[in-house]
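Each of the two complexes below includes subunit A, the first together with subunit B, the second together with subunit C.
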Partner chain A sequence: MFQRRSRGQKYTFWLRDGFRDGESEERIKSYHRPHRRSSMQKSEYTCDHRPRVYKVFENVAQKYDIMNDAMSLGIHRVWKDALLHVMHPQPGAQLLDVAGGTGDIAFRFLEYIRLQEERQKRRAARSSQTPSWQDISNNYSTEDESRESRAVVCDINKEMLKVGKQKADSLGVSAGLSWVVGDAEELPFDDDQFDIYTIAFGIRNVTHIDQALQEALRVLKPGGRFMCLEFSKVNNPILSSIYDAYSFQMIPVIGEVIAGDWKSYQYLVESIRKFPNQEEFKGMIEDAGFYCVKYYNLTGGVVALHSGFKL
Partner chain B sequence: MFKNVLSRLVTQTVRPHRYAPPGPVIQRLIPASGPLRSFTDRKDEAQPQFDASLLDVLVCPLSKKPLRYDAETNELINEELGIAYPILDGIPNMIPQEARLIQKDSTEMPTQ
Partner chain C sequence: MAALLRGLRAGRTLRGLSSGKTGPTSRVVAAPSAVNPQCSNLNRGFHRAALRLQDESKSDKPPSSSSSSSSSSTTYHEHYQATEHDTAAEASQHDSASDPAAEQPERPNTSYQDQSGEHGEEYETEEQLQSRILTAALEFVPLHGWSMEAIAAGAETLGLSSASTGMFYNGAGDLVLHFIAHCNSQLTEILAEQHKQVQLGQAEPKKTADFLREAVETRLRMYIPYIETWPQAMSILLLPHNIPDSLKHLSSMVDDIWYYAGDRSTDMNWYTKRAVLTGIYNTTELVMLQDSSPDFQDTWSFLDNRIQDVVNMASSAKQVQSTGEAVVQGLMGAAVTLKNLTGLNQRR
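After this line comes the complex of A and B, so read on.
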């Protein structure tokens, strides 16, 4: 089916009309095997596509990290590092990483905090010129601060969390790291629990984004920060056409070659196009009740980092 | 920044020594090969046991009430609603649809 598709006229359907065009709808429906429920219908994103999303990530869980590197040419690491940099967590912070899957953000968070603590200790050592032996031994033995800062990774998909947990075990990181299977629209956490809530490249997979945002507001402490990394709209037309060509031509192919799953990555690319742009999403976050909402465009708008506070 | 990316690409999977400092601390605590009921042990890594410190933050997603950890069946129980959330590989599964009903005469949990 994909081999038969020629480049000329049909290609432009993808770029111009998305899915509203009748002919392309039929083609979308024909991609799906008969027994699989198609969720890309016209009244589409209002229907619950959770089973579809679950299957997608279940299929790709083992190869998820490799695929991220291949698809984004390693740039996803830069985006995630930027998220941590903007977050600038201090020792003692409690993080909830939703749709955290394989734990990329959580690992970076713990590492950042560890470096912060070392920096603070060095600063303290420098300022106290002649520390007593008691001070020095206190510095070595207390691990209190690193026990206080904790990262909870929540994801709807067990497979992704299992991969993440294996990664943690192989890296030897487990202090202050917890894994929970949960739904972003119905978080299994009490109110006012976390300092930082992050959702990196996960919110577009949520069926009811406003519910997820309200849950985020609920579990954050007052003064807590909501941070969201997500693919967004590229404004520059040249970059936009390169990006579109790359997304629709290369990404499903890479998905097929590496993960053996064309359709999941096609779903990925389609879900990115469906997601609201920077301003719209900012509006949604403000509607949920967050203050001081702003966004940073990364890589020319390919990815946007949205941030808001619960006050 | 890209130097960072490259170095991470190279070293990402190959550094167990990097996190050596927590090692001695963990060994000081109760060894992981203890009985199943050792859920006072906060930092074990060897076996997939449930981390009881999670109980501080976890609540039932439906009623938002605290849960009770049952070591025998390895589940988190909400007595009020009569449901039990399973724990697999030390990871609690807090999806309401996957919870087990304890009492037979309870009504079905609403799906979402």
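After this line comes the complex of A and C, so read on.
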């Protein structure tokens, strides 16, 4: 009990102001000693989260995927697959996956597009059983013209990208994949570059979310889509209490056992509680300048998938 | 590297500024990195304006941003001008004609500010944009069928990325329903035009059977460019979540045809007439799908026969009714005569 309190203290200044949920404030306060609160209020304006966030993910990079499976009981795969299904990318699309780290979304994207292209080829082959010479010559020429779909994985943390590259090598995927180090608030890309911008479970780690949204708007082509997968508010009270108990009791323990890092996973759970809820985040996305903003609740609101278009 | 790119972008805006405008350069350089929601409104407005100007290159419609640009402060005005050059420079890569067109309407459009008064234009434009994408997608239907690929290709012709197809949650169903609505509105225009001609006395009013035949033929001819893929479209319309919408379109079309044919009935006839025409229309559409005669002659003769059947049936129904009445009267007479003969009618 005492152990947990002392570890929790160090992370007071990571929590931004503006508690939206009074209940979670109570719970978080229980982890800190009372006199620390003044330092929290002082440092929230001056502190930049980036070095701390960097440290957290540097520590967890090697075990990131295993921890994801353990903490979410494998459901994170379903969430990421749902993201791809809603995205429904067309062949030739360019994806930017920010805070993509180990590259889960990018791999799924390339796989989806590969299947789409196969399906299209099969359909074309079925419909034109006896192709004319015109069709055959067209097929030869279009193979060079069709744009190759590309996935760029951008992350602030080199360790995570390294793990991602190793995964790519072991899966044998290398075509159309790039790994770039960059900060979501200041992307190292030109304007109007990408068809789809995704950020899966990364935007809560960004210090200035509105800046990240502005950057997303900037690098997207007109008509491009912004998609964000993030932990969000559970409205159902029963599910909410189970979820809270699981988050605060189980997850740091699993973190300690598997990754040997209690503190990082406690940071994770607290940052989830700090993040705005579905409607507020939708408002923020609309303020940044996206249209047709919609969100889908997955697993009863544990995860929300927000989507907006740059029109 | 991000700083390098920012510098490049700032350089571009400076070049844009120097090409014709004056303005505080330092403020514009600072502006891109500290984007204000108001600026982003202007940027946003201009993106849409750029899109619109790309398709309708000599459009008279004022972009919504022009009204906000003249009312905003000078610094934001200059930033807006700078980004106008920025994106105009990019737009010129796609379409050189749009660059001078993009510049010219900007200045005179400030006079439209009071006349247009379109405050809610952003929201209208979403639906308008969607219908424009779908209209553009219709060209690609013969190639890709009624599918998301056709919509993606249509979006690309408008200069939007293929990811914008995500806006259409119903996918191919949206495309088919849009096409049907478009055909129905075209039919209504044609019928209204003919009606006006008759009202003005410039044309003779047609008989009901002829009118119906011509209306159905006009409507079905709109499918001819897509007849190869029309079976796929019909199957999409039969999907459970599309049935309410497709029935709505069908019933409104049939209602329109009967209205312009002059039907003002308020009794059971209203339902029977529409049911009959729906049956005729659907069966003719099915015949058209497998018709291989030149200019679909077989289909039109099928249509003629069906309408003739209906007319015959109407007249034979009347005959049956009058015959029935006559028969009943005859029977009554025979019964009275019999009663007289047997003496049952006498009162003693």
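Here is the rule we go by: the second predicted complex is superposed on the first by the 247 of 311 C-alpha atoms of A that agree within 3 Å, B and C clash if a C-alpha of one lies under 4 Å from a C-alpha of the other, contacts with A are read in each partner's own complex, and residues count from 1 in each chain.
Convention: contacts are C-beta pairs under 8 Å (C-beta built on N, C-alpha and C of every residue); 3 or more make two chains touch, one makes a residue touch a chain.
Since the model is a prediction, treat every value here as computed from it, not as a measurement.
In the superposition on chain A, contact of A:214 is made with subunit C only, not with subunit B. Contacts of A:62 after superposition on the shared chain: neither subunit B nor subunit C is touched. In the superposed model, A:240 lies in contact with neither subunit B nor subunit C.
Look at A:187: by the touch rule set out above, it reaches both subunit B and subunit C.
Of the two partner chains, subunit C is the only one that A:224 touches; subunit B does not reach it.
Residue contacts after overlaying the shared chain place A:170 against subunit B, while subunit C stays out of touching range. Applying the stated contact rule after C-alpha superposition, one finds that A:89 touches subunit C and leaves subunit B untouched. In the overlay built on the shared chain, the residue A:162 is in contact with subunit B alone; subunit C does not reach it. Across the superposed pair, subunit B and subunit C both touch subunit A at residues 182-183, 186-191. Put simply, subunit C touches subunit A in their complex at residues 1-2, 5, 8-9, 35, 37, 40-41, 43-44, 47-48, 50-51, 90, 122, 125-126, 129, 148-149, 152, 155, 158-167.
Those residues of subunit A that touch subunit B in the shared complex are 48, 69, 74-75, 77-78, 81, 143, 146-147, 150, 152, 156, 158, 161-162, 165, 169-175, 178-183, 185-191, 193. Remark: subunit B residues 1-2, 4-5, 8-9, 13, 15-16, 18-20, 22-23, 25-26, 42-45, 48, 51, 53-54, 57-62, 64, 66, 88-96, 98, 112 touch subunit A in the complex.
The touching residues of subunit A, when paired with subunit C in their complex, are 86-90, 92-93, 120, 182-183, 186-192, 195-196, 214, 217, 220-225, 287-289, 291-292, 307, 309-311.
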